[in-house]
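Here is the structure we will look at.
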Amino acid sequence: MQKYVVRNIPRPAPDILEAYRELDVSTVYEAQGKQGLMHPYLRPLIPGSRISGPAVTVICPAGDNLMIHAAIEVCRPGDVLVVTTIGDSDHGMVGELIVRALMKRGVQGLVIDSGIRDSAVIRELGFPVWSKAIHSMGTTKNRGGWVNAPASCAGVLVNPGDLILADDDGVVVVRRGDLASSLEAARKRIEKEEGTRKKIDNGELSVDFYGLRETLRDEQVVYYDDLSDVPEN
Amino acid sequence: MQKYVVRNIPRPAPDILEAYRELDVSTVYEAQGKQGLMHPYLRPLIPGSRISGPAVTVICPAGDNLMIHAAIEVCRPGDVLVVTTIGDSDHGMVGELIVRALMKRGVQGLVIDSGIRDSAVIRELGFPVWSKAIHSMGTTKNRGGWVNAPASCAGVLVNPGDLILADDDGVVVVRRGDLASSLEAARKRIEKEEGTRKKIDNGELSVDFYGLRETLRDEQVVYYDDLSDVPEN
Amino acid sequence: MQKYVVRNIPRPAPDILEAYRELDVSTVYEAQGKQGLMHPYLRPLIPGSRISGPAVTVICPAGDNLMIHAAIEVCRPGDVLVVTTIGDSDHGMVGELIVRALMKRGVQGLVIDSGIRDSAVIRELGFPVWSKAIHSMGTTKNRGGWVNAPASCAGVLVNPGDLILADDDGVVVVRRGDLASSLEAARKRIEKEEGTRKKIDNGELSVDFYGLRETLRDEQVVYYDDLSDVPEN
Amino acid sequence: MQKYVVRNIPRPAPDILEAYRELDVSTVYEAQGKQGLMHPYLRPLIPGSRISGPAVTVICPAGDNLMIHAAIEVCRPGDVLVVTTIGDSDHGMVGELIVRALMKRGVQGLVIDSGIRDSAVIRELGFPVWSKAIHSMGTTKNRGGWVNAPASCAGVLVNPGDLILADDDGVVVVRRGDLASSLEAARKRIEKEEGTRKKIDNGELSVDFYGLRETLRDEQVVYYDDLSDVPEN
Amino acid sequence: MQKYVVRNIPRPAPDILEAYRELDVSTVYEAQGKQGLMHPYLRPLIPGSRISGPAVTVICPAGDNLMIHAAIEVCRPGDVLVVTTIGDSDHGMVGELIVRALMKRGVQGLVIDSGIRDSAVIRELGFPVWSKAIHSMGTTKNRGGWVNAPASCAGVLVNPGDLILADDDGVVVVRRGDLASSLEAARKRIEKEEGTRKKIDNGELSVDFYGLRETLRDEQVVYYDDLSDVPEN
Amino acid sequence: MQKYVVRNIPRPAPDILEAYRELDVSTVYEAQGKQGLMHPYLRPLIPGSRISGPAVTVICPAGDNLMIHAAIEVCRPGDVLVVTTIGDSDHGMVGELIVRALMKRGVQGLVIDSGIRDSAVIRELGFPVWSKAIHSMGTTKNRGGWVNAPASCAGVLVNPGDLILADDDGVVVVRRGDLASSLEAARKRIEKEEGTRKKIDNGELSVDFYGLRETLRDEQVVYYDDLSDVPEN
C-alpha cells in the first residue's frame, strides 16, 4: 500500500476540546456506548497526567521511527501524537530529543503502542506519555510508513483528527462524528453521578436506588442470616 | 458511532483468489513490503489449514456475539469471517452451531481475535479457524456492533473485502488495492527462492550468493580459527 | 492450618458418572449457569481426551510433590486427581512414575494447576492430563499439605468428590449438590441444540429463529446495502 | 449452585485485628508456614497502604458487579471487601461511587482479583485497593452470585471472616482458626529478626550466624581466590 | 565488544553423543544436579523430536539474522544450532531456506530463543526445531554479532561445543566438562527408576518405598477417615 | 558443574566508575553498539535510582538464596550484586535483612532476575533495586550455586567485574574490555545530542538536520495536503 504523510487534518473546535478537558476517560467511554477504549497495557508515565486533543496518527514498521520524525512537522499546538507499529514492538521508539521537538511544536502528549526511553528526563520535562513499555532498545530511522492514516492502536481504530482523551484510567478515542453526542451523554452521566454521590453521602444503598433488589430476586439470590444457615453443597 | 451492517461488499475476482491459494503467508507478507501481518497469538485450530478469501468483518462488544449472528446472512461462499471485539476478550464466541451455519453459507474459515469452543467438533467438521484461545466461557447475544466496518484485528486494520490469507505461519491481510501488485511481487519472490533453493542444493552458501561476506567485514566481524584465539574480554 | 489427608470421600453414583461421560465441558458449564469453569491456560496433553470422575484434591507447596505421593493411596478406580499449589508454579510435579502409580490405582486422569514432565511417555501411556505447563524442572518431596481439602484450582473452588469433566475445551467442576440439576439442564440444552442444528441444516438463520432481528433494532443497528452508503464518520 | 448472600459473619476480636496491624505480609505468610499468600499480580493502588480486617467475600460472574452492590449492605466498619470473579476478568468492576459507598460503611479496603476504574479519584480519597488491573471497561449489574461464600481469590481460598492483611508486598489470608497461632509465630519471628538485625549491624555475617558454611560444604561449593583459579569447563 | 566467528570448536566424542541419544531431558537435568534446563517457553515444532549434539552458538541483534548465515559454514554433521538474540525477539528468524542449508550441512536440529517461519514446510522436511514462536515477521541480514561465543539462551549459558539434548519436555545443556559425570549419573538414575517402575507394577506405594510416611509425620500431616472428621477452620 | 565462590574479582578503576556515573543507560547501550541491555521486565523499586558499579554475580537454584548469603562476604564498597536463578523464579529472594547486610558492606545496589520482599522497608532504607517482581514468597537457604561465575541475567551474559549501569530506563552491562571505548563513544554521543538539542530549541526539524527527507523519498513516502487527497484503497 502506498506510504504517505497527510499534512493537514480536520481538528475539533477549540471549545469542544476545552469541554472534554473536564471529562475523564471512564465517563466518556461509558457515555459513548462503551466504545473506543484502548487496551489497559498502555500506562501513564506520569501519574495524574490528563490530555485531550486531536490525534495525529503515525504507523511505523516495528523497530523504526522514521515516520515519527516525519510527523513532527505536521503537528500543531494541542495535538496528541498517536504512534502504532506494524508488528508488535516494545522498542524505546521515542526519547528525550523527540519529546523536546514535540514540546517545541506545542504537542500535548503522546500515546504509543510500543515503548519510550529517557523516561527520567521526560518525567522531569513533564510531558504526558501513555506507553506499553520503558525500554532503552533503540530503533533505526530508515523505513517508510504513514502519518495521518487510519491506525490500529492498542486494539482501537484511530482516524486522524479523532479526539484522544487520556488519564490515569487509560486512553479513549472519540470519533469526530461523535464529538457532540458523546459530550452531551458524558455530561448527563456526570449529572446523574452527582445525584448518586449525594444519595451515597446520605447513606442510601445502591441496591435500593438502582432497584437491584428485584434483580437479585430474579437471579434467585437468597439471603441467609448466618454461615450456618447455608445448606451443605 | 452509528452501529450498522453492510450487506454487500466488493470481493476480489475469483481468479485472483485462486492465484493467492498457491501462496503462503510469509511470502505474501514479505512481498507486499512487510505489511498486514496479524499478531502471532492467533494460532490455527487444525495444523495444515490454508484459506484465501475476502473478509467479512465483525466487531462485537467483548462477551457478546450478536453481530456474528447478524453477519452469517451477508456471507457468501468463499468468504472468510474476521471477528474482533471492542475490549480484549478470550470468550468462546463461536461454537459448533455458528460453525455449522457458516459452513452452510460456504464460508471458508474464521479468523477471530478472541476464543472459540466446541473445538473437538469443529476439528472433526474440518472447519479452518485461527483464534487466540479455546475457552468454554459463553457470551450473551444482545449487544449491537458492526458488520463490514473497518476493523482492528490482532493489530491489523482490515477493511471489508480485503483478502485474508492464513496458514500455519499465521494470518496476513492484503488490501484490495494491492491485490495485483502483491501477487506479482509474491510470484517474483517465489521464483527467486526457487533459484536459491537450487543453489543450496548444490552446496552453495548464502554468505556467498547473498554477498554477505562484505557485510560481515563492514560490521567488523572477525574470524578466529579456534576458541583459544579469542582475546579475553 | 492443620495439614491433613482425608481417606474417604463421597463419590457420585456410577450411573451419574456414566451419564456425564456423554456430555461436553461447554454444555455442562452453560447448563449449570456458567459456573465451575477452570482457566483456559489448562490444556490437554493428548487432544481428544475426555474424562468424567470424582475429584481427589491435592494441595502442595509450590515446588514439592510429597502430597501427590500421599494422595495415590486414597485414589479409587475412576477418580480424577486435581492438584493445585500454594503459590504459583510451573514445575514438572508429575512424571512417568507417578502416572504409572495412578494408572495402577485406576485413576482416570489428572488436572494440575502446574506442570508435568516425561510428556512423551505419558502420551504413549495414553493417560489424560490437563496442565498449565510441560517442564522438566523437578520438585522435592518433603513438605506437607492437604489431600481432600477444598482446593482453589485454576480459579475454581473444588471440593473433594465434586465431579470433574474435561475435554478439548477445558475443565469444568460440578458440585455434588448440583449433579442431578446440572445433568438435567445439560440434557435439555443438548435437545434444544439438536433442534437448532436441524434448523441450520435447513438453511434457517439464527437471527430469525433466535428472534435477534428485534434485538438488532433495539440496539439501533442499521442496515446499508453497500459500503458507499455508510455516512462518513 | 444456589446463589446467596450471608448477612452476618464471624469476625476476629478487635484486639486481634489491632495486633495484626503491626505486622507485615511477608512476616505473617512465613510465620504461618508459608500459607495464604495471594498471587503477586495483585498490586496496591496507593504505595504504602496497609490494611488488616475481616474478609467480606464477593463472587461475581466476570463482567458483572451486581453482587458488589449487594455486599455493601452487609459490610461493617473495619471490614475488607474481597472480590473475585467466575472466569478471568480485568474489567473496571469498582469505581468512585462504590468506593464512596464502601467508605461510608467504614470499609477499610478492597482486594479485587479483577480491575478498578476512577483510579485518580480513589487515590485522592485515600482508599486502599489491591487489584490486578486499572481499566475503564465497565460492567453490567444484572447477574447473581455470592456474598460471603468461600471464594478463590488470586489463587487462595478465602472464607468469610478470615483475616486479610495487605501491604506493599502483597496480600495474605489468615484463617480464623489460625489467628492466635499465626500471631504468636509472627511475633517470635519478629523478635528473632530483631536479633538478626543487631548481628548485621555489628558486622556479623549470615553465613556464620545461620551456620551456612556447613551447608556450603555439604553442597560441595568450593572457594577460589581468583577467577584465574577456576578450572576450565 | 569485538564481534567474531570461531570456525572450529571442540565437540564431544561420537560415542558420548550416541550414549546421550538414549537419554531424555528430564533425566539428564536431574542427574546433573538440576542444572542447564532452558525456559519451558521453548516448544518443539514436531512433537516426538529428539536431538543430541554439540552446540554451535549464534548471537544476533534482535531482528537480524546475518550471523545465522555466517554460522552455516562452520556447522558440521550432527551439530545443533543454538540461536539467541540481543534483546527480546519473536521474529521469524529462520525459514525454509536456512533449514535446507542446515540440513545440507548435516545439522541435527535448531534451538532458537526467538521465532521461525515456513513452519509447515519445515515440519514436512522433518527438521527438529525448538522455538519460542512461529511468526512470519522477517528480519534484515545486515548486522554483525557472534558465532561460537558464550551465549545466554532461554535463561541458560551455552558454551560452544556443549551438548544440547532436546525432546518433548524441553532443552537441556550439558557442559563439556560434565559429559562423563552427567552420563554416569543419568544411567544410575535410569536404573533406579527401572526398579521403582517394578515396585509400582507390583502395587507398592511410593509413600512406602520412598519412606515418605515419616516425612508426613514430621510435617505434622494427620489422617482423617472422613470429611466430617475434619475440624472446622 | 563444580559449584564455587570466587573471592576476588577485577574491578574497574574508580575514575572509570565515576565517569560512568554521569551517563544514562540508553546512551551507553547505544554507544557500545546496542549491546548489553537487560530485558525491560526488570523495573526499579525506587524511581529515580541510579547506580554504576562492578558486578558481583550470584547464581542460585530457583527458590533458594544460600548463595546470596555466601556472596555478601565477597562484596566490597561500590559493588552491585547481580542475582540470577537456575530456572525461572519470582520468589522474594531478598528482603530487609539481606539488604541491611549489603548496605553494611557498602554495596551500591541490587539487580535481580527474580523477586524481592519487604519492599516498603527497602524503599525507606533507600537501597536501589531492579527486580522482576515483589513477592512475599520465601526461599530455603540450603542449595549450592555460584558466586562470581559468568551468569545469564535477564537475557544478558554478565561476567564478574563487568560494569553495571542502571536507571529508570533499565539495566545495561559494559564488559570490562569495553569500558574505555564505550565511555568514549558515550561521551561523543552526548556531545552530539547536545548539538541536536540546540537545533531543536531553534525550531529546526529532525527530518532536515538528520537528512531524512531523502530517506522518505527513497522509501516512496508521498505527501498529500489533505485526507481527501488520499486515493481509495
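Per-chain residue numbering starts at 1, and chain names A, B, C, D, E and F are given in the order in which the chains are listed.
Note that in this section a residue touches a chain if its C-beta (ideal position, glycine included) is under 8 Å from a C-beta of that chain, and two chains touch if they have at least 3 such contacts.
Please read these numbers as outputs of a predicted model, since none were measured by experiment.
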### Message
Looking only at C-beta pairs that count as contacts, which pair of chains has more of them, C-D or A-D?
### Response
A-D
#### Entry: Centroid comparison with chain D (C-alpha atoms), farthest chain
B
### Message
On a C-alpha centroid basis, what's the spacing between chain B and chain D, in Å?
### Response
42
### Message
From the mean C-alpha coordinate of chain B to that of chain E, what's the distance rounded to whole Å?
### Response
30
#### Entry: Junction residues of chain E - those touching two or more other chains
1, 34, 37, 40, 87-88, 90, 137, 175, 177, 231, 233
### Query
Touching chain F in the complex: which residues of chain A?
1-10, 66-67, 69-70, 72-73, 90, 92, 95-98, 100-101, 104, 115, 117-120, 123, 133-138, 141-145, 148-149, 160-161
### Of chain E, residues touching chain F in the complex
1, 32, 34-37, 39-40, 61, 86-88, 150-152, 155-157, 175, 177-178
### Message
Using the touch definition from the top, list the residues of chain D that touch chain F in their complex.
### Response
24-26, 29-30, 34, 37, 40, 47-48, 167-170, 172, 193, 196-197, 200-201, 203, 205-207, 210, 212, 215-216, 219-227, 229-231, 233
## Note on the structure
Within their complex, chain E touches chain A through residues 62-63, 87-88, 90, 137
